[in-house]
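By letter and in written order, the chains are A, B, C and D; residue numbering begins at 1 in each of them.
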């Protein structure tokens, strides 16, 4: 079985693994205050073009989302998200488990708009009995989204402005950030995030690391005592340097960008192949997730050799599925798939 | 200003108040284990036609909803509700504050259907990675709904069966239960609730009491140690007999039913008056809340003399509003309104 | 059975009840924004000698404690309390249910000291890995305490200073505040609380009201959006004016002080009677709770006619019990008890 | 600086690392349902001598403790722990953040007794108003404890019986389990834990793994839907096979036992050296943590070359400190320390 079902099927990029091997018997302090984490923080600050940011490392995306969001909200506040947002549907109410509602707005493609934010917020404050309602306290977006779509820089600025005008923070989930930045039509880089978001994270798990997400806190209001939040939510890795080592590896020579590009190249080949067969796509994705709508018999046939993800029923005879590439996707596997698509 | 804005503008029904006065200097044990609470429990069991139920009294509806729901769910479970459900929109994330998601389904009139429940539940269990999703763990309905609509007995049975087949409990919010049962088209009584629900509450606050809701737990699974839940959520009234006294008053001579009828009579007069003017209604309500769609100038004019609730913009020139009657609504006030409607 | 087991065995002081009767059919807005609540707020501001405070009314003490404390703390913070504090032992982990630890310090008499606060706080900040520990975020004291003891003004000032120096708020539980202020050795009044605490509450349930506690928020940091907290925790009474009416009654003519004095007068008579019999006391209480240590046969004998509370085993033959008086304790009942004590 | 401050200063045991390298480019399903996790589960079941147990892998100890404990308790229940227990003092109220109180009992050496459990439990159920108190719902012990002490098999059986008689589950924190089993006086093995505990975990982070703890659920009551708990608390590792791979490595050839022995050998040498200098110890530890009481000048001198942990002030001139060894502690580093101790 050749796996296109997700972007975390393999381990780490070999050069990341090499760093873990070469540092294995070093003795360092625990919990993320070692020289490797320090170095990784410096590298990320450089990527952000900012020195006055805080960088913390956690093991996974649900941790990054939950800890950051819970730390930003007051107990009676919720966070605005697309109804397809990862926090809204794929984290087993992790946000609710910290006491907060995810306030969803409809989204056809995984993105939300500045005007949707304005609408939710302004509706709330227009109510005379608003204390009976969940107060919108922050905004969550992901880039790229769950559907592979990306924000333009212009859209990001509009969303950021909508938040700033209303004095609520903007948090960006960058689980697949590398793949968003490597998209052919990308207009956003890490410096933009550090300018327009109050907090965001740079995903490592899906982009070359064994595990690990780098949380960047831009807004001073959310920096104080953040390590307490990490520890309380069970996300403070004892051998914290493992996170530092991996982000050192990802950012000291631009590895993050280079390997992200591999995923996009491969995804575009697959996209093109399905397109040439005349298939439509559920979302207009320019990143490493592609959502072709396949005739059911084709889906079944391909499923014998490749693993991919069921996404949605389209009609009696067609189903939308997800093919995922990653930093690790080999040309051999893609060639094999391309050939099989061609011969359908 | 004559108030039609809510059904809790006055104090208690005079005969309830009289009971509180006459028992005022009695000495009783606290926290709901006094003879008045015991008597009230017996009366409610009789109404339910069941002896093997537990009855607890709490001060308000948000308490009743939150405590019952939180006690029924496992930490990773959510409760299915109409998107217009009170717990979904008017309780400041009280459910989420206990760690649980409200899983909303769309509803045009405040009601949900057995097939919506089946769909949410069955979708969940059809997923292979379902532990990443909130597990549906219970169902919430209200009768009458936030929109004044009511369930038929047939609908209730269908919903109950959908729940039983899936082994998830059904909880019914009866904040305005009296008004639901007094509706001209009502087919549901308290015995039905005790048969088809796992838990429900009989609202006192809006139906003649100063305050108080009687929680009825039918399903044995949810009875154990329930008083701990009440205390932990701050809902155990020190002078608990105040709740018992009021429910004694409401149920010892059928007062609950009699005064509920007053609200419906008055509401029907108002409904008829608006209808005769040719106005439409936002919801087809047969209970004490009526939602006429008024020309904006009429709304403004009436607003000078009467308080009622803004509900929704319909178009540039029309707005839906809510007129509420209650056990306390006087014929004088209604006559006054009817006259003004007629003279529009 | 004559009840000395608690200070909430009866209903309301007759003049409070009278106010509830006379206002019963008034129509007011709900949720505490009516003229009675406004009036009561003004009266309490006057008692506090301060205008820049916020006053909110809730139904019970666990609500007052939980909502205020949860609203003051960050998620990784706990509140320092005597190990015998009400929040530490008698509220079913209501504080923990909002996510916060109660950090207990030992107390022989229910009181804590400024130096205990300093010790807990300073120890925390002396740790290099302090983010692994619960951060002390506030201080809870009660006046009088669970054991009937009271703070002197000097002690209150010391505690207040210890808190201010460390920038953590001081919250005072005044469930029995009236009885603390009426104690023969009292040196604290409400103005002192408004000067030295960041927040506190004036207990109504145990001092003449049917129910109700008046939360006073002094520190601006904790005022914003407080009504959301009240609603979210299920403590926003629909007919909120019931709380306003009662506090109007308690404070418009000094009723609170007058009826508190009754409890102390009666308690002192009982204390004196036990003393004259040569019995010792578990705590040196000058308020409405008295804790005589009785020979077990005496305890048994008195228990046939009076209800009081078991407190602690002293030795094989002696037990400490609690006798409680209140605003409602009649001289007849006390005389009866005095006679029986004398005749032991 | 030679580090004796903790048992997680290095990376992984070389043979564990080797397994991660050799499997790095394998494609597997995510989230712990891959062949490596399956294999590791089988190995652990074999160690436990039981097939009807569930094994789950999480990244760290706070996760293991929090998720297991929160999943075992009802919302109004707390868990009994030594006041020095890790969950009571070193996890930033992670348990409280899930809504539960840690009910502490005093402990001089980190251990608790069956009779302490009985006392807390039986006191609770002797109260007539027990619903005002936190209900004891489970018991937490660690083996070895935070103080390096260990339970005997007899003590474990007594504790287990005390729990079983009261129908509350026993959970054992085995963060350093390997070192407990390798202690010279050890009488407990994994089979005992699987027989006498309801749940426990086998610590990997401190015993040869990069990270990872294997949670073993013995009691059927706590098995259902456990993966939802893991996901909701942010502890479901995307590349879950990393945990499986490491526990395969630890248990396929007895590596766990072998490397645990190294830590004990080294600790005993250090213990002996301090003993020979006539120093006392704060706790009678037979495991990898040693707590000598040092003259302050000696502590200062050793601190120039070695890192170790401050534990407690003993008197003006003496301080108790902690020296920690691990699977990774080299004889060279120990020899160096022994020499320096000798030459004090």
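We take it that a residue touches a chain if its C-beta (ideal position, glycine included) is under 8 Å from a C-beta of that chain, and two chains touch if they have at least 3 such contacts.
The structure displayed is predicted, hence computed values, not measured ones.
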Of B-C and A-C, whichever chain pair has more C-beta contact pairs: B-C
Chain whose average C-alpha position is farthest from chain B's own: D
Cα-centroid distance, chain B relative to chain C, in whole angstrom: 34
Distance from chain D to chain C - Cα centre to Cα centre, in angstrom: 42
Between chain A and chain C, centroid-to-centroid distance (C-alpha), Å: 50
Where chain A touches two or more other chains at once, by residue number: 75-76, 91-93, 97-99, 131-132, 135, 228, 231-232, 236
Graph class of chain-chain contacts, one of line, ring, star, complete, other: complete
Residues on chain B engaged by chain D in the complex (per definition of touch): 31, 70-71, 74-76, 98-99, 129, 131-132, 135, 225, 227-232, 236
Touching residues on chain B, where the partner in the complex is chain C: 1-3, 5-6, 8-12, 14, 17, 20-21, 23-30, 59-63, 66-67, 91-94, 97-98, 205-206, 210-211, 228, 231-239, 242, 328
Complex interface listing, chain C residues touching chain D: 75-76, 78, 89-93, 96-102, 131-135
